[in-house]
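Read through the structures below before going on.
Next come two complexes, and both contain chain A; in the first it sits with chain B, in the second with chain C.
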Partner chain A sequence: MTLKEKINLKTLGIMGALFLAACVFPALTKNNYLISVGVVLFTYAALGTAWNIIGGYAGQTCWCLASFMAIGAYTSFILKIHFNLSPWLGIFAGMIVSAALSMIIGLVSFKQRNMFFSLMTIAFSEIIRVVLVYGKGITGGSNGIFITYKKDSLWQLTLKSDKIFFYIMLAVLAVVITISWAVEQTRLGYYLRSIRADQDAAESLGINSYRAKLKSFVISAMAASAIGTFYGFFLTYLDPTTVSSLNVSTKIGTMAIVGGLGHLFGPLIGAAVLIPMTEVANAVLGSSGSGMLLYGAVLLAVIIFKPGGIISFFQKDGRMKKNGRKTERRRAHGSDS
Partner chain B sequence: MDPILEIRHLSKAFGGIKAVNDVSFCLGKGELLGLIGPNGSGKSTCVNLISGAYIPDSGQVLFCGKDIQGSNICQRARMGIGRTFQTPKPFNGLTVYDSVYTVALQSCAYKEAADKTEEILEMMELADLSRMFCEKLPIEKRKWLDMARILANDPKVIMLDEVMAGLNPAEMEESIRLVRKLNESGISIIFIEHVMKAVIKLSHRLVVLNEGKLLCGGDPEEVMRNESVIKAYLGGGRHRA
Partner chain C sequence: MNVLWMIGQSILNGLTMGGIYALVGVGLTIIFGVMKVVNFAQGEYLVIGMYITLVLNQLTGLSPYLLLPPTILIAYLFGRISYGVVVKPLLGQPGQYFVVATMGLSFVIISVLQLVFTTNFWAVETSLKSVSITWKGFSLGLPRIIACGFMIFFVVLVDFFLKRTDFGRAMRATSENTEVAQSLGINTNKMYGFSFAVGTTFAAITGLLLSPIYFVYPTAGTPFKTIAMVIIVMGGPGNIGGAVASGLIAGLVEAFTATFVSNDLAPAAAYLLLIIVLAFKPAGLFGKGARVA
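Take a look at the complex of A and B:
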């Protein structure tokens, strides 16, 4: 049985139905707030899916994906502001910069094992934040930079309505999930899962863990960079805290961990649960900080009670265990019939 | 018998301790060589040096007549040098099938890898368990799976590090049969073991290590009668008795 057989028609049917429901959602509501929550949800689901490639499949805990998102967003903003270059082209510049930087981090850190990569990503995250704060001439420093709205233009991604961004981010999410699925199905996906399970064993069987981890990190970084461009133009404003802080990176990782680490739809489920919950918490408790409190609480609950994430509730293996326990109980009470 | 693997004056020290000290021996094509010795004699270090997990302080490893000193563990595995570990190392989270398929993908196209995986699982008598997750396998099957994964690389040499450890007599008989089957398929095997019954049954020739040095080698029956081997295992107890 290969993984190819595991994505069955039922799963595809459910995802297709959800995709269609998401497509008709903007037509059913005039509430712009709900549309913008949808955009944020898709953004974090896409970022979580990108994180899942390096953090989930490869098992390398990365705390700098927000930095790559920031690199993508800032690069496109700067090219738009100074050269009036369309973000549809600027996106590639951001991706190239992210690929180069992720390659450098990977080349250095994947030579080592254990915590080294995680620590490197934290350091990199701080470096990028400091560069953005102190590079005032180009990045606007702590005050940030913004795109001014002149007229509706899809080519320049200056759009009055959030509805179009809703569809753009939905399409971006679909593309990132497809990339993640492609990684999962190919040799790289198999190698990554074997490395995550036991690097020594994988290497003793000829699997080059260094190269596989490097590839997955570059893919994650490039995807985050592309997502950053669209998210930046949705926000129309960028500052280091909004897009490049360690908090944002933690939030991205939390989506995948809460939803189900190493599962294709795990980050989507995580974002679908956490983003609306955060909005409700912020509204009820009246503070934007309450969202982070909630992330911490949900993350702890998942680690303690369901390490496999929310997705493990729906897995066949989980059901078998549950049924097994029921059978054991019945046997214990002498009523196995 | 033409040698497929030659170990020449191999040495490795960890700090002040010489784990392997000027060890030389060879493995013939199609041979099943038993590598024995008391605990701490340097058997597993030897395996790590041959597989490329450790870099030797001095000495050479020749595979099919070529010095492979410059190649790392991955390259050696792809050349055809496979190894198992004392404690099985299953790919937790992957099924038995996917574990073998992953390795097969390194040298085959997807369809070809699938066919090869099925063939190997059939040969290693794991076909019925192909959908089971590795972590749920009993210890005996985990060891068989370790061997099955290596087969996906089309190995010429396999080093089996204590594959009989922790098995009951019935499981041991099954494992002996399987190791013999592997050897009969043309694969040269270095068999590192403490279970003497299995060593005697399987090995064509024995090499004995003690305190990192080569003690003796030769016919299994003769080696087991050798005074120095008995002394190494029993610490001279036979003489005291």
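Take a look at the complex of A and C:
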């Protein structure tokens, strides 16, 4: 199959149209609130897409992507504050740290199957949160750290207007979706999906599932870290609970699951539905608790009634359903965790 | 304050805290042993136990320890209902779905509790609350000692139930091999429902025992949830004795870190221990190697 055949023209057309619509959106509105919601939407869509690589294609439920986001954001914040290093360079430092840590977590936990990885990611995210609170001298502890605005500078990412962040985040989203697409189309993507369908069968065909999962996890972690840097500079303020908590990690996973697990555009659709919904819920009900209720309820409803996510409404073949039947037999054997 | 005293007091603190951890961990182990899934909402069932105790305590004015039977009953029913609503439709789906669903369930429980009881801190009043036993300078709160006593009682009870009763044997058979158990006429779905409800009831009992020690608030269960996960991984899947031992170890590690390193780092110590254990003994400290079923 050549590269040309792999690209679905129809999807490409729709995505192109959406991309253009997103590009002209800031010019049409003067409402800064809508633009900032747009930035948040792109951030979560991008994070969800990063999550989808490990959580969707590889089927390894990861609850620590927020920690990698926090690592990316904190690393570039600290480098900026103490060494006045541009976040465009700091982003790489964050990605290296994230890659190293995800490698350690992956090396340890992929020896066991799905459930253990999920547990490890929770343990890891707790460690990161505790360390962020503990390292008061550098991370500001639970008070957090912030970037002071001096003058508009794209190089230092200190920008007064959210419009530029809107475009930056849009570009980041496009890059992350491209990476996800590349993973999906290359050998790694086929490996991951075969492991997800049946790890024993995949291994018997000579696929090194350990290495494939590890690769996908490192890719996810590095992407989340890079997104975290931009998101951090958009927020200009970081503290352990807003960027590094389990709630944020769950929110990220929810985007992908609600949109469509293991589907390239699933997280984007999920974010496009959930982020505006959260804003409306917060505005109507007026408490931050309602947002959490929304995520929990939507997550439950989707996983019980429509495991394929929103995207499965548009797919004609009932592939997800058949998948479920197949695993029923496999689970009865108890071979999968 | 000399070092010896600090060590002794840390051991006492660690063991009593570890006993409480062990009880949540045993609940999770029962579910994991039979169903091969981890309940990511275990901490929230613990908080539900706390709130049941709180409400009953406010209504009747009785000591929380006397409220144990009604709390167990309500918690069991709640576990059974949530099994029917959330878990049962997911039987046969990939394990990942269960992870996601229980995570969603924990969100729902926390936010419903927030809406009903607000995020305020509530306290369960009992005359035993501030009593502590002192001996040669060491001191230990009575509620913690009682909690440990109940832990031992319930663990022995469960062990007896699993080994000596037909129902317990059926549960262990389901845990060993679902298909064979089915072919022998065991209703495995019934076993799943029962073990899920019992496992979550254990969390609720822990909540009751914790209510005189801690404040009651919606996210009170989060640290216990993560510790319980550490325990089942360290103790080896479905191993109740291993869960108790790991709970005690986790409590000790935490207490010593709090005393000798930093109070802030204490929660991270047990998680770090988990990573180290998994790196060198992937089957857990007390695991008998990889058992497929």
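As a convention for this text, the second predicted complex is superposed on the first by the 309 of 337 C-alpha atoms of A that agree within 3 Å, B and C clash if a C-alpha of one lies under 4 Å from a C-alpha of the other, contacts with A are read in each partner's own complex, and residues count from 1 in each chain.
In the analysis below, a contact is a pair of C-beta atoms (placed from the backbone, for glycine too) under 8 Å apart; a residue touches a chain by one contact, two chains touch by 3 or more.
Treat the numbers as computed from the prediction; the structure is a model and nothing was measured.
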Chain B versus chain C as contact partner of A:R193, first or second or both or neither: first
Touched partner set for A:G262, first chain B, second chain C, both or neither: first
Partner with the higher number of touched chain A residues, chain C or chain B: C
Touched partner set for A:A171, first chain B, second chain C, both or neither: neither
First (chain B), second (chain C), both or neither touched by A:A21: neither
Touched partner set for A:L205, first chain B, second chain C, both or neither: first
Contacts of A:I96 with chain B and chain C, given as first, second, both or neither: neither
Residues of chain A touching chain B in the complex: 1-3, 187, 190-191, 193-194, 196-198, 200-208, 262, 317
Residues of chain C that touch chain A when the two form their complex: 36-38, 40, 86, 89-97, 99-101, 103-112, 114-115, 119, 177-179, 182, 222, 226, 229-230, 232-233, 262, 264-265, 267-268, 271-272, 274-275, 278-279, 282, 292-293
Sites on chain B touched by chain A in the complex: 51, 53, 73-75, 77-78, 82-83, 85, 89-95, 97-99, 101-103, 105-106, 114, 130-131, 133-134, 146, 149-150, 152-153
Residues of chain A touching chain C in the complex: 55, 59-61, 63, 104-105, 107-109, 111-116, 118-120, 122-124, 126-127, 130-131, 133-134, 246-247, 250, 253-254, 257, 261, 287, 289-290, 292-293, 295-300, 303-304, 307, 324-325, 327-328, 331-337
